[in-house]
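Think of it as A, B, C and D in the order they're written, each chain with its own count starting at 1.
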């Protein structure tokens, strides 16, 4: 069986999908659409794909493109994917959307944070939030996956066991994240040119970043009650990787060992999540270019807080790798197909 | 008037002292002591000093060395400076210690966190914590300055106005710091070689870093009551710079504008602290190689938290520049002598 | 005496001029012109200038702007400066041009390599190539300075003594240069965003880079005969710095010591050029943010070649610092005014 | 069939062997020896291997270790491997040596450049230089492979077609290489700590680097006559990657297109070498973490020189990947087994 996957868009997450699918045993890239590079060989745009892609970037011609695909993966800015996804679904083509269009169950939340009228609100109840470690059962049965944001993936994986087990007070959650620059995509701007990022660190979007409501929505589902979080993203001088350091006030006295056991148990059988030995802390380079997530936990007895730290590669577990993990589940493939390799270190 | 300053040690903070003092209008480097580089020209060890230093590294010969100096600056690991400082003081040579030996008023706190019997506890009451923005009056009259740690400098400057004005609940403080690698000094180790730091980010020393009690001590002084903080340092792939993102639960409803005015007012007349316009956030590159500290404040109305972010260069405001600022005050010089230049950007 | 200097343009070289002139004892920035940032505070665009600049970016209004200035420094792309420079000169305002418009004595060479009709060819004979280590006497008397390109500055300083003393065969010169990304300016593009530069190295413009004829012109002047060179620039993952490794076949058997003496003698009294001790090689970080140039020489006895390596900061000695050095000479100031400080290391 | 491969050493090239072999379809890691980490889990030393290695580092116990292995790969400093390799061969275990011990056919050349008496000179005639693109036929039949150095791999691949086809004068070859820091290994030193490498570039070992005679030996074989080259390595601020820019005087007038055809023809059927389209130049990130080599060629008509540029990942094609490529050939496996994936970009 070979699944035909179409990719809409030719930015970094598209390049990453092509890199990963080039070695996927069961999935083939049926086509890649572009606006600026129509007619160009993809391996000319992305020379690392030389020898691994015969694709020429094409214009999106509907519905032909959808008909050629068993699944289309949208690697587009928010607001653009939703109407196209509707068409794809009508033609029985499954959808994985890397953008934000289908991440919120409530249309209002989307419209408030993204300042944009939702283009296909009728699909929101159907869409499944594609975090396989939490929602694999629903993903398996879905035809429309909202692939999580990169920051939310790391924050939710860091906090889910603690919230589920009521270890921490949901009113006290702080997520302090550090991201490499590829999260901002490939569009040149004053803030992502080399000289502005190199040898520099900055916080941005404090109390206003669009991943905030996404983190809150999922953590609220887990906690069984509405909660809000303080989320601060930082841009640090590296290309790939997110480290999210999360804090929560402990509701009871608990040892590091006990927390570690809860986390280890929670992620038992989850191939891509590794809870590090007590005393070890994650680093992003250990998961570089891979779909793995490393988590470390520390109980701060003096302050009564839990500190849980998660490391992922924002382009893989935080985007394209997770999309493939979802695709695997949707088509009944082994979850780790095409994703089963370690990070690149050093 | 030319003040003769001796420097004990030849690591990065010593190099930075030499770089800065090379252009100081009133201070001359009287000598630099070393263990490994005795007899070598300093500009051979640090080629950026070529043409700006005639110093040959020398062995520390007591008391001769102290007698040649009006002030000695200790750029040594903790535990080593204290007995030497005692001797220097006995010979009427003033002391600025870049290490931790004199930072704690209570000997026990030092001995507990540094696992080391204090070598000169009788000096602890006399030593002044050398953060000029808070303690200039006492520094002016002191002969023994404990230069603050790099993380504490950034954390305290970020939080001092909020605590002083009782804006935040002292029980809720979290300090999440990101530091360049020069903070770890020049001694090679498995954790500071290029390939382990580059394209990587990690947290370390969670709930156990030695700068924690130092932050707590000073914030407790400001708050007028004992407090503890959660402090998480991170190593990020850059050479210089610390960004500290600090969080505290607001005690009352307050606008960003009001907070900004409190901060601006608090730092009025403090030459090296700039409170950025509301809506702007600091970045470390803007203070690169300079003694300046940039602070940005955000009120997160949804969570009721204050987020205050401070950026410094860890080797300058976080170490050698602040030492010179203290020295200036101790000798009645204008505070900004030798330090009055902008950061290097890009 | 305070000289009023106007700056045309607000890119990185303009920012660097403002950084350096902020501490210049005899020069004041009279104004900075902009297209995109008219009306904005310069320190808002460049936060490292906070507290060091009261300038608001202004539109260039001719001839008013020129009349306010003793000298204008053009920090503009080629082709734009020349007609404006003509106007400035007519109003008795001196000119330093950071671009290429006045670098070539022969209009044809400019027009061939820059594919652009020269806008003011009548000024080419008057313009002086502003490399003070070679042409200080002419600079002193000039009112129109063509500030050298960054690569040519490093290549020429590396090779001038060897050519002057006929050590190497002029037909065998190869210049292999490595540059940080700030040389490409501040305009965002696909090639200068962080993720394309970081953890990457590439050659570009082989046999076609526009700095080639500039290097050739000046080396030909020195050699007293026309020569061509192979010049290969490389983009490496850092913000500042150029290292040029140059090769030439030796015309006679010569020792490293002899070459070193020739170089040392050649640069005697040149404040900003340091010939390193034999056995030492330059590194760009040692001149970071400074106007210094470090040179190292090696005689390869096995191949009969001279290898001379020069390190500069492309934004300082390769652009804005050298412009100020030229300005100092044009106005009879000490050559090192405002530029006399060491590099920032580490 | 599963081949048992033992790895001697636990530095970066060993880590890379483990990373690659973890996904090799026909090879299993039989054991990893260590000096400092005996008894530790390898995935504790290298957390990116978490879940991909069950190895505990062990002491090298001869001859037991060799008996367990079909092949041993030596990832050791020069001088140490040779006597151990002799023992392994005696026990019918094949050998791939990542170090320099078996790279030279003439013992004198080794002893002169490495300042070390050769420990097993009788094996030098038997050893095969393991550059599969040139010597696959001999590798297939060998039991002792000298894996090429990282710089030589890139330099030889860049120059081989031009020398073979007598395009360039063998007396005029210059190799200017730029390497990431992982080439220096994992042992901490003053030159490889982060702050010395970051935001810096330097040349080192000019006219004296030990890879010089290795490049010369192989290029001499190709040229059919003894030649010497100028080789200059540079350390640039990245972890992985080597870009070698090579220069040679053309012996006749030739077009870029003709050169490109010669190169393309030369590497026809060589899976891991890609000659880029004329006009494209290689970049190291495109081969990051992969065994591929990208080559670009330019004819500089003005100077009559050929410029050929090659990019590899020094830890893969320049070390561990090439070792596996050799191993594949030695055991009759498809050459690309375990190595058939694209680079990681961005």
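Going forward, contacts are C-beta pairs under 8 Å (C-beta built on N, C-alpha and C of every residue); 3 or more make two chains touch, one makes a residue touch a chain.
All figures in this text were calculated on a predicted structure; none of them were measured in a lab.
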Separation of subunit C from subunit A in steps, with touching chains one step apart: 1
Of B-C and B-D, pair with higher C-beta contact tally: B-C
Where subunit A and subunit B are represented by their mean Cα positions, the distance between them in whole Å: 38
Approximate Å spacing (C-alpha centroids) for the pair subunit B, subunit C: 36
Centroid distance [mean C-alpha coordinates] between subunit D and subunit B, Å: 45
Residues of subunit D touching at least two other chains: 12, 182, 186, 195-196, 198-199, 237-240, 282-283, 285, 288, 346
List of subunit A residues in touch with subunit C within their complex: 12, 180-182, 186, 188-190, 192-199, 237-239
Subunit D partner contacts - residues on subunit C that touch it in the complex: 172, 174, 176, 178, 180, 195-196, 198-204, 206-207, 228-230, 232, 234, 236-241, 243, 245, 247, 281-285, 288, 296, 298-303, 305, 307, 309, 311, 346
Subunit C partner contacts - residues on subunit B that touch it in the complex: 12, 15, 19, 22-23, 44, 46-52, 182, 186, 198-199, 239-240, 274, 276-277, 280, 282-283, 285-290, 292, 294, 340-346
